[in-house]
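First chain written, first letter: the chains are A, B, C, D and E, and each begins at residue 1.
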């Protein structure tokens, strides 16, 4: 290899995005791409927690929702500018993650899964029942679009660029994090918690910090979602959404930043394709999940590489 | 980085274990064990299965806290300190079952070892300020030096679990050394190694000793233990039954009985 | 190890190729048809609404085309499923407006999905005729958004009128904890005062709950004279059963959300004596010949049952009306969205399945309280209550 | 009866047996001694199918045990009394024993199982006394008896024992060993893995000394008992001299 | 006072259902350390099965019950063989996704078979509600309470008295030791799967008359059942039973004493509290006997 591939990727990837923005004329596709971007953020955040720190969360939609509802409440009820609401949304999400993280991350395995699931459920019920603030089950209307001086992000193309610029930024942040002192410590927790402790890593505190970071990513996605759709309702942040985020991470391939991108792309597009199956959609979707996990438990990104390598060695 | 004291003449005790006891449920894993480790020496810790050797290791490194007794390291009490702070005081360890970070390369494993001797955090990682990058370079260089020291340089880019077991043991030692310890605890470093590997392990231990690092060695390969240790402590059923230089231990009747069963 | 370095490329190549496969690059065909979008929750938790709506819309479009289309041009319906998911609804509306280039949209089926897509239709300037009931959709009025479903306001008014005539003053509410129930609860609470009715207790139940005796017990302990249950199947049927089991004999009012034969089937004997407001479709056979809607209703029911061989549901009519209103508004516009919008807004006395529509600049629903009739379930059948 | 040829097996990533060959003849007690980590337990686990990926040959009554799962090996007539006894603590003593005869009950031969039970009870009268008690409440020695009894319920032809003396007082060790001796006299073949070399060699006919995955010594147990090499295997001798000989 | 009694009675009915589902979870967890997120779908299949056999084809009730439970057991058998046994890398996260996939698959399949409508069934016996000091106890509730108690007692008997039951316990206690006594552990895992599917089916069958059955009824029931299992101590039979009843009664009292909006939140708040402060559950599976 002449040039390290992880460097080239930072050229290729933005070019693809810029080109996509220029050539995709149809704003429906831009819309789909924007949703893919938002989902990538979600998957990226959870991937840090699940893929790198090895801690499962079945309640991540809660942070997604907290991000969305905080900005909605602040911009609509208190008339704040969305850009002022953004740091608040991230901070609220981080604070909740901090409070919840302390007792929850002491749990392991299925118990951790159940703890996070329960948390997600409770937050969902809060969204639904606190109707004075959240608009209750019928949802929250009138969220303003994003503007930055003269640039309006209400158009599909501008929003597409905004979302993907943020995705790009988060990809870089994640990548830098993973390949740093903290990132190595994080990955060491995944591989052997006891050895990590013996290396002087305060595993509990690190786990909580990653949990908070991953909550912030999710809240960012929630913020973007809220100002894109300009309407939110509790149904968009329920248990099934949490599961879908987990699925994105697992199907894409855990412990690969780019796997999150692929997982998010697949899981966003899959339902669109499956419309062709109409009535069979759920059956096919369930089958795909099962079959992928049975055959390629490493996730598709890694799985496809494995298959490619095998065929290469066989041909030799 | 922590300043290393050049210890040559000073032979004061580095570690003192004083009447340590620990019970799990009804099982008394360790009962009233005391011994001291001199700076710059190698201490062999032996005993049959279930004698409490690993428990002792876990107490010293802060995995558990003792029910009773004290652990003095450089004259400071360290019992009950959480595991990650114990490392900071200067105690590093390896593991009986090779606890490498399988998802990382050989080099990265050692770099994790540098954790306590470096500072940059989340913001540093993301910002990549010159200060952070400098530290990163320093960590990398230090790790490469250590790999060279244990002879793993050619493997630095391989996945840590892909190299042979013997090398993995070496890697664990390099990783522990990256924490710049004063005291290194080796938990059965020769288990599963062949004769050649065991021999180079012995040589490595000698080299580490030359650097002035004190070691406690739990090992079943008696030939190795007896060869490298300056002092040997024998545990049986949670109690210290003998302590002395290897020659004496090898001919000690109590030790013999503990291992071979009471004869006659 | 080296192969892991290729993971980013693999991920990107896979993602991009998937996107490629997902986009059919084919250009929209020449404008020889009027394309109308439909978005209904054909599957998912509101499929009881979306499924008949989709059928009804397809039926109308076929009828129009059989008559030779609008101004000689055929009409083509492009229908997508929202699964009652706001995100999917937004995507579907985006697809309709930008890819299929539809002239107008009928749907979505539920209030949250409608609220989610309103902004997008407004910005694109596409007339949208929602089939959902929520008041928030048309109040305040948004220029491009209309709806054909009777508002909760009228349903609540119908119920309270009936209570007033029976002298009931103290009621307990039991609403489903979703958008439908919440909207109903708001109306019930805000209108109670003007009818001199006092709400003693307001309880809720989950859409999938299996037992509501606890809520009913609580309402009973407050001494309510009647109970209003606001929900869609199957929850209200459970309420009806539980009420019977608790041997509570106070009247039970249901909402128009259960106005389908399915409710009687689910509640069985417990359905006896239940009162509810409904569009006239359920009782079309009982209507007086003089009723303006009678002919429209009978034709709709006859056609629907002939084509689909299944009993008509009370909900498909929303899409039927929506499509018919659209068809009338499109005449002579040549597909100009602005003109269509204007035509709808000025439409008067349009007799539909759900009622007689009179739109105006400030009224984008166009229905009045007379769109509802109160019915009672007797001997497993609907019977009309003369007001 | 049991022949092991050039057995290599891995325990995790550690090669725990590096080409071990040994044989057990019908009706004898063979003991396998050696220090911790010598590979004794691994060897037993390979024989009874708990370690599926071994190389070499294991023949029981001339038939290979390769690829058989533990239950199938039990049916062939090989039972293991595992290290740490691994009784089922919440179940009663009686139930523990019954489960030992699982394969026999499955064949609907209830009388045979009952007869076995009677025999075990005679062998270890204390188990009869405690038959209704939860097995977890037994003392260490009683648990060891129960573990042996449970294995005997399956009517093994070859009984494998992994460190039966571990954690027991000397008096109890003697008692257990005496019982094993009795069983041998009744015709049972026994392969005994022990750290307690003295106790094991006292009842064994032959012995093997295992060190770091290799057999370094074998012979009649009376010879081994006095051999200095045995001592060396446990306590090591001079390092250089020793490794010179092997590399 | 009468109200409180009514809440308790209502809570016991719904609690019995949670209990049966929880027992299914616990049994499986005991033998396989696996959480089956498709357990709720087995409940749904049980209910829909009875709707079809009894409600549509008018097969005699008892026969329909047995056929339904048997049918769902077969599905459990196939599920274990095709989806669980074949997993190459049984990491918990992978298994969670597989069972979630299975639950979506089952839901989709039932939507195809039974459509999107809800169905209802009459109670097993048509007797008026029982009056317990003013609180109404439905005849179906009595059925539910009896059947679930009989079922758990039956399971208890199975574990206590039969050799197969003891063998299953042995596998749960220590798989290795069980193998060494000649117990075919894999078959026991399969049996655990079948039994837990059957438990789910029974739960579905007995609740079908008091509630409405539809293809998507299972998810929430499954989650609640899981909460109950956690509450009582995952892996403990009696714990699950108690956890189920407790959860039902607490929910019902929550409606009565607070407000119905927070009813579902109660279940999950209790779950969190238990996890934080007593992760072994009320009856800790670790310190107390497992069965």
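Here is the rule we go by: a residue touches a chain if its C-beta (ideal position, glycine included) is under 8 Å from a C-beta of that chain, and two chains touch if they have at least 3 such contacts.
Since we're looking at a predicted model, the values are computed, not measured.
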{"item": "Touching chain B and also chain C, the following chains", "value": "A"}
{"item": "Label of the chain whose CA centroid is most distant from the centroid of chain D", "value": "C"}
{"item": "Between A-E and A-B, the pair with more C-beta contacts", "value": "A-E"}
{"item": "Distance from chain D to chain B - Cα centre to Cα centre, in angstrom", "value": "34"}
{"item": "Whole-Å gap between the CA centroids of chain C and chain E", "value": "36"}
{"item": "Distance from chain D to chain C - Cα centre to Cα centre, in angstrom", "value": "75"}
{"item": "Set of chain D residues in contact with two or more other chains", "value": "none"}
{"item": "Chain E residues counted as touching two or more neighbouring chains", "value": "111, 219, 261, 264"}
{"item": "Per-residue multi-chain contacts in chain A, two or more chains", "value": "128-129, 279, 281-282"}
{"item": "Contact set on chain C toward chain E in their complex", "value": "43, 45, 47-48, 51, 177, 203-206, 208-211, 213-215, 217-218, 220-221, 233-235, 237-238, 241, 245-247, 262, 265-268"}
{"item": "Chain A - residues contacting chain B, complex", "value": "173, 176-177, 180-185, 187-188, 190-192, 194-203, 209, 213, 255"}
{"item": "Contact set on chain E toward chain C in their complex", "value": "3, 6-7, 10-11, 13-14, 17, 111, 116-120, 122, 129, 136, 138, 207, 210-212, 214, 216-217, 219-221, 251-253, 255-256, 259-261, 263-264"}
{"item": "In the complex with chain A, residue positions of chain B that touch it", "value": "61, 63, 82-85, 87-88, 92-93, 95, 99-104, 108, 111-116, 118, 120-122, 124-126, 128, 132, 135-136, 139, 175-176, 179"}
{"item": "Parts of chain E lying in touch with chain A, wherever the complex brings them together", "value": "35, 83, 86-89, 91-94, 96-98, 100-109, 111-112, 219, 223, 226-227, 230, 234, 261-262, 264-265, 268-269, 271-272, 275-276, 279"}
